[in-house]
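Shared between the two complexes below is chain A, which has chain B as its partner in the first and chain C in the second.
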Partner chain A sequence: MLAFIFRRILQSIVVMLGVALVSFSLFTYVGDPITNLVGIQSSDEQRAQLRESLGLDDPVLVQFARFVGRAARLEFGISYQQKRKVVDIIAERLPATLELSMLSALLALTLGVPMGIYTALHRDSWFSHLLLSLSLIGVSLPTFLIGITLIYIFAVQLNMLPSFGRGEVVHLGFWSTGLLTASGLKATIMPAITLALFQMTLIMRLVRAEMLEVLRTDYIKFARARGLTNRSIRFGHALKNTLVPVITITGLQLGSIMAFAIITETVFQWPGLGLMFIQAINEVDIPVMSAYLLLIACFFVIINLIVDLLYFAVDPRLRVGREAAAGRSPT
Partner chain B sequence: MRRVLSFVGLMAMAMVVATAAPATAKTFRFAFQGDVASMDPYALAENFSSAFENNMYEPLVRYNSKMELEPALATSWELVNPTTWRFHLRKGVKFHDGSAFNADDVVFSLKRAQSDGSDMGSYVGGIVEARKIDDYTVDLVTEEPNPIIANTIALWYMMDKEWAEAHGAVEPVDLGKDRENYATLHANGTGPFKLKSREPGVRTVLEINNDWWDKGNQTFNVTEVVFTPIASDATRTAALLSGELDLMYPAPVQDVKRINASGIATVLQGPELRTIFLGMDQERDELLYSSVKGKNPLKDKRVRQAFYQAIDINAIKTKVMRGASTPTGLLIAPGINGFDPALNGRLPYDPEKSKTLLAEAGYPNGFDIQLDCPNDRYVNDEQICEAVAAMLARVGVNVNLLAQTKSKFFQKLKKHDVSFYLLGWIPDDQDAGSVISNLMVPPQDGGLAWNGGSYGNPRITALSRKIGSEIDAKKRQSMISESFKIMKDDVGYIPLHQQALSWGVRKGVTVAQRSDNALNYWYITIK
Partner chain C sequence: MTAVTRENGVGGAFRRGWDSDLAYSFRRSKVTMLAGAITFLFISAALFAPWVAPHNPYDMANVSLLDAFTPPAWEDGGDARFLLGTDDLGRDVLSTIIYGSRISLGVGFASVLIAATLGISLGLISGYVGGKTDAIIMRIAEVQLSFPDILIALLIDGTLRSFIGPGTHGNIAFVVVISAISLAYWVQYARTVRGATMVEKNKEYIQAARVIGRSSIYIMLRHLLPNVMGPVLVIATISLALAIVTEATLSFLGVGVPPTQPSLGTLIRVGNDFLFSGEWWITIFPGAALAIMGLSVNLLGDWLRDALNPKLR
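And now, the complex of A and B:
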């Protein structure tokens, strides 16, 4: 187990270095930040001076080494556009995205899993068919369309929910939460639903497919033959085995939600990392862009690690297999 | 018992006070497509940021709602000798933190505006020194005689020396040294509003400055301003229609009808001072991006004129801009100092003439050329280019359109890596002189890299130098007019139109729309 963790951490470091290389090469290949740093009538001399002072004329390897060293110390420099420390900007925006992602993942899970179980157990009921058809909508409609439709209905027509922003937030230490105020809660509803819709459908269909397959296996047949109650079979045995791929997918999806809440954040002007990233791209604010890439890579790597460890906890077959294998002595 | 009574009495009073105060407190909520770059007025010379900061900071001379110059922190100014202007400062003006405004602050502000990290180069670049004569008199000494100094410094705001020194904001941030500065998130000006809170990218809140020196002369009832950037056009429009905003801009042209029909808000439209035009490479002997080898068709005036007359600007106005544009014949708009209405006519739309001219020039079957365009900078920029491409195709010129995000486009343009391009321009100093010297003089003779086609004419270059230092207004105007006439005869550029400002304003809110798209809160009344 320990060896496994150690190996995974080593792999993660290699992945991070790869991402760092991509992140660093942004500085060389994407747009010309100088144009966005100064106004339209600055002289060419001023621009050349700025180039030099930013170190944009040093050899590539030197710049990369400098970059990795500083990233390791969480020094991502100063945003070209906002002229503030990138670390501060990310720290400000992180709570918004994390809250939104967690909430929508929670929503997707709490609705998706029961729906999946129901449609697996009652395959031919009309309600199952209804759920499956509606879920197609969740998958095929683009996020921005769902978002704008919700805004149109609930903000413009009904005036019930705010059309943009996060509402009033309460600052607890370095974290800012919108869940403690009425306006904050109202503001979270539509973005969370928009983000959750796709995940929910995915989870529902996945749970359904897995459960159907598990219910056909031999050990479930034996459990039924033995006379165990339906409830015990379904939720005690089948569900646990069903959850393994669901956990994997959900874990990866969580990473996706965090990384790609960009569209939802843009539609709802949600002040999170996604919106920050899009603004950085438009302004060619390279320090912010590269810091974001590294951050997201880090998230994915950590989430994957946790997901792999959860396998051990959830799937009894894996646990037994490894113990048995470890128990067999070479002699 | 007495304690209870006095407590109840206190609560009653508090309730009366609480209900009384909001009756006069008006919050103005508005949104723009982007955010203010920084609270530091010298950080970036960008249109929107400059206008926003003008509500907290003030210049010596300011523009009013009709874009006329009027005294602000200076009450009068006169020429002492050709390179020295004497400014008399307004007495009794205080910064938001209470300290007095005087000549020391002007001297400090100049030093700060000219230091590394400041983007005020185009406003104060020509000023050599700010000499303090006494507490309320300052001399601005310029390198060369500057007849329009008041225009040049109208966007250079005064900062407080004592405040900057006390908070380590003496220099605007120097990116090379990774230092932040206090003024990025805090403000201390002399203007009608104080900075209450600033969350970059999220929300900025201003509150009224009751000690503003000009409060008595202006009619407005706004006491608090809440600004949120909303990047998505659709969301911004929805926020206006749901009543969450009092004003938002720019209102996307395709939503203007819907907003006007909503009964909740209307769209205020007017011509902006920015002119959109097409430029052509007239320097190279062979174009970089065309099918003609061995020669440059754009060096031939007949070809340039053919391009001009193939464009139906009225069709662009009605179909592409949906009426929200004013066709123009010059590179400057009415309202820019130096505009000459006699020269604002355009060559007529005449595709037959275009074909004839092209044939005369030796291209009876036309040729291929690439058009470079930004797609996120000007109103419907990409669509304008598509329309131009379609119109040129009708006369035989096949246009390959390359539309991309502004940062990449500007990079390409400044390297002159273009053959045919679209650009928009509004002179920082609201004066035609800078347009001539920047865009109508080739870079090697002093023009800016923004003159993407290196257009020039020796006579214009000679005039440009004189325009820069001619004090007599009449002589200056005739030189400006002559330069533009030459440019028109040369067909050096193809002007298109002034784009329109479009502000979505909630019913019951009165604002003044300045033609440089600046929103000043001291002209706003909310019913």
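And now, the complex of A and C:
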């Protein structure tokens, strides 16, 4: 077990170094950093001096080590476009993305789980069939189409909700929130639904499949034979056991919500990290891009690590299975 | 398409997949037949776009700004020449959709082909050679699996774009998009093929081939490959839908195919600007086309998976 955790952490470090290498090579090989810093009038001597003072003449490995060191201290440099520190831009935009992501995750869970339970318990009702067919559409429709459709219906046709931006935000120290003002709340509704829809259908299908599986097991039959009420069987015994994979997968999905936020934020011009990244790609704003790459990779690695460790903590069966799988030599 | 392959008798693996059971389950499911018909329609419209489309939207001689923003034919002010209306430059929306599907499907097929080739090769090597090679390839696959596909595609796309420079136009943009999508989707193939290869390679016919001195490459291509094609076909169909949607998403975000050769995603992105001024048809119709195309290919893939029933997951 300890060996497994150790190996996982080592693997995470390797991944982070790999992503760091990509971001580093973006910095080093895309354009000339000096040209990006100085004006046109500067002489060759000044450039050479700057080059030396920034350590750009050092061996690549030394530069890479320095890059990693700086990244660890959150020094990502200055945005080419906005001429501000990248850390400040990220700090300013992070609350918007996190707020949207958390809200969507919450929405997906609170709607997805009951829908999954319902479709598992009432397998043949028309409503279950409707939910399942809708979920198929939800899975195959691209996120941005859902967003555009919502905008068309609720912003253009019905004129009920704003179609872009975050509305008014309240600043609480370093955090800015749109959830405390009416216009902020209104602006959050459509992006949150757009982002939640895909995860919701996923969670619904997962809960349904797990629930159906558990309901077939022997201990449920025994519970029934003991004369327990339907309610206690379903929610006390069956649901409890389905929640383990649901929790872990939802944890993993938190990462993909952050990823899909890029699309949702672009559709709704939501001032978060995703929109920042897309703008950075279009403007070839390397410091912002590489910072985002590292940030999102770090986020994913941490989530995956936590989920993997949770597996051990939560489910003793998996502990055995995993160790067996990990121990099998790949021949 | 498949029927033709069978009559010609080319591709033994393909023919084996296309046995009567499969044809039967296809005939039995109405939804699948509909999905198949729609997919066929899209593919043939895309292939024969210059002959099918009522106008050539990218021939400037045929396009008149005077026709701009014509609503669909059945609306007030519609024009019978433009069934689904025209966009801001006076181009026929139906024609741009047909030409757009051509780009979307083309990029989709190309990405699937490259992803499959890459994934199958790595899977075969990984499964057959084993040892360190296998460990390295599978670790990379595992790491990639822990990130969502669309994010991988977006990150690769963004990185490649910056390396090439801001002027990522023309055919280079296609190369970028196709590589980004194929690099995002090779893992599925590799894992499946590796699993199947590890099962197959201990069977007697492989041992026999080895004993008579066949080279590893020959064994992989001639003996192993045909036996792992079933699951690969299923993954290919499902990932075609994913590739189309991913391409549309990248193009919608403005980091996809060049604007001079718009795909469905680009059309939606451009049309999106006119949604508020009431010209809904410029974006809604390409959107619907994309949704229907994605859904149909998806349904076909689901059916294929159930019909062939390879133990995918």
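The rule is short, and it goes like this: the second predicted complex is superposed on the first by the 260 of 331 C-alpha atoms of A that agree within 3 Å, B and C clash if a C-alpha of one lies under 4 Å from a C-alpha of the other, contacts with A are read in each partner's own complex, and residues count from 1 in each chain.
Please note the rule applied: a contact is a pair of C-beta atoms (placed from the backbone, for glycine too) under 8 Å apart; a residue touches a chain by one contact, two chains touch by 3 or more.
None of these values were measured; they are calculated from a predicted model.
Colleague: In the overlay, answer first, second, both or neither for which of chain B and chain C A:T266 touches.
Modeller: both
Colleague: Of the two partner chains, chain B (first) and chain C (second), which one does A:M211 touch, if any: first, second, both, or neither?
Modeller: neither
Colleague: Identify the partner contact of A:I278: answer first if only chain B is touched, second if only chain C is, both if each is, neither if none is.
Modeller: Both partners.
Colleague: In the superposed arrangement, does A:T149 touch chain B (first), chain C (second), both or neither?
Modeller: second
Colleague: Scan A:L243 for contacts with chain B and chain C and give back first, second, both or neither.
Modeller: neither
Colleague: Would you sort A:I117 into first (chain B), second (chain C), both or neither based on which partner it touches?
Modeller: A:I117 contacts neither chain B nor chain C.
Colleague: Between chain B (first) and chain C (second), which does A:P162 come into contact with in this model arrangement: first, second, both, or neither?
Modeller: A:P162 contacts chain B only, not chain C.
Colleague: Can you give me the overlap between the chain B contact set and the chain C contact set on chain A?
Modeller: In chain A, residues 31, 148, 151-152, 155-156, 163, 266, 278, 282, 284 are touched by chain B and also by chain C.
Colleague: Could you please specify the touching residues of chain C with respect to chain A in the complex?
Modeller: 130-131, 134-135, 138-139, 143, 146-148, 150-151, 154-155, 157-159, 161-163, 165-166, 241, 245, 248-249, 252-255, 268, 272, 275-276, 278, 280, 283-284, 287, 290-291, 294-295, 298
Colleague: Please output the residues of chain A touching chain B within their complex, sorted ascending.
Modeller: Spelled out, the residues of chain A in touch with chain B are 31-33, 35-44, 46, 49-50, 52-55, 75, 77-78, 80-85, 89, 92-93, 148, 151-152, 155-156, 159, 162-166, 266-269, 271, 275-276, 278-279, 282-284.
Colleague: Quick one: in the complex, what on chain B touches chain A?
Modeller: Within the complex, chain B touches chain A at residues 31, 35, 37-38, 40, 43-46, 116, 119, 121-122, 125, 173-181, 184-185, 199-203, 228-232, 234-236, 238-239, 241-244, 376, 405, 407-408, 410-411, 414, 428, 434, 438, 448-450.
Colleague: Mind pulling up the chain A residues that touch chain C in the complex?
Modeller: Chain A residues touching chain C: 11, 15, 18, 22, 26, 29-31, 136-137, 139-145, 148-149, 151-152, 155-156, 163, 252, 255-256, 259-260, 262-263, 266, 277-278, 280-282, 284, 286, 289, 293, 296, 300, 304, 330-331.
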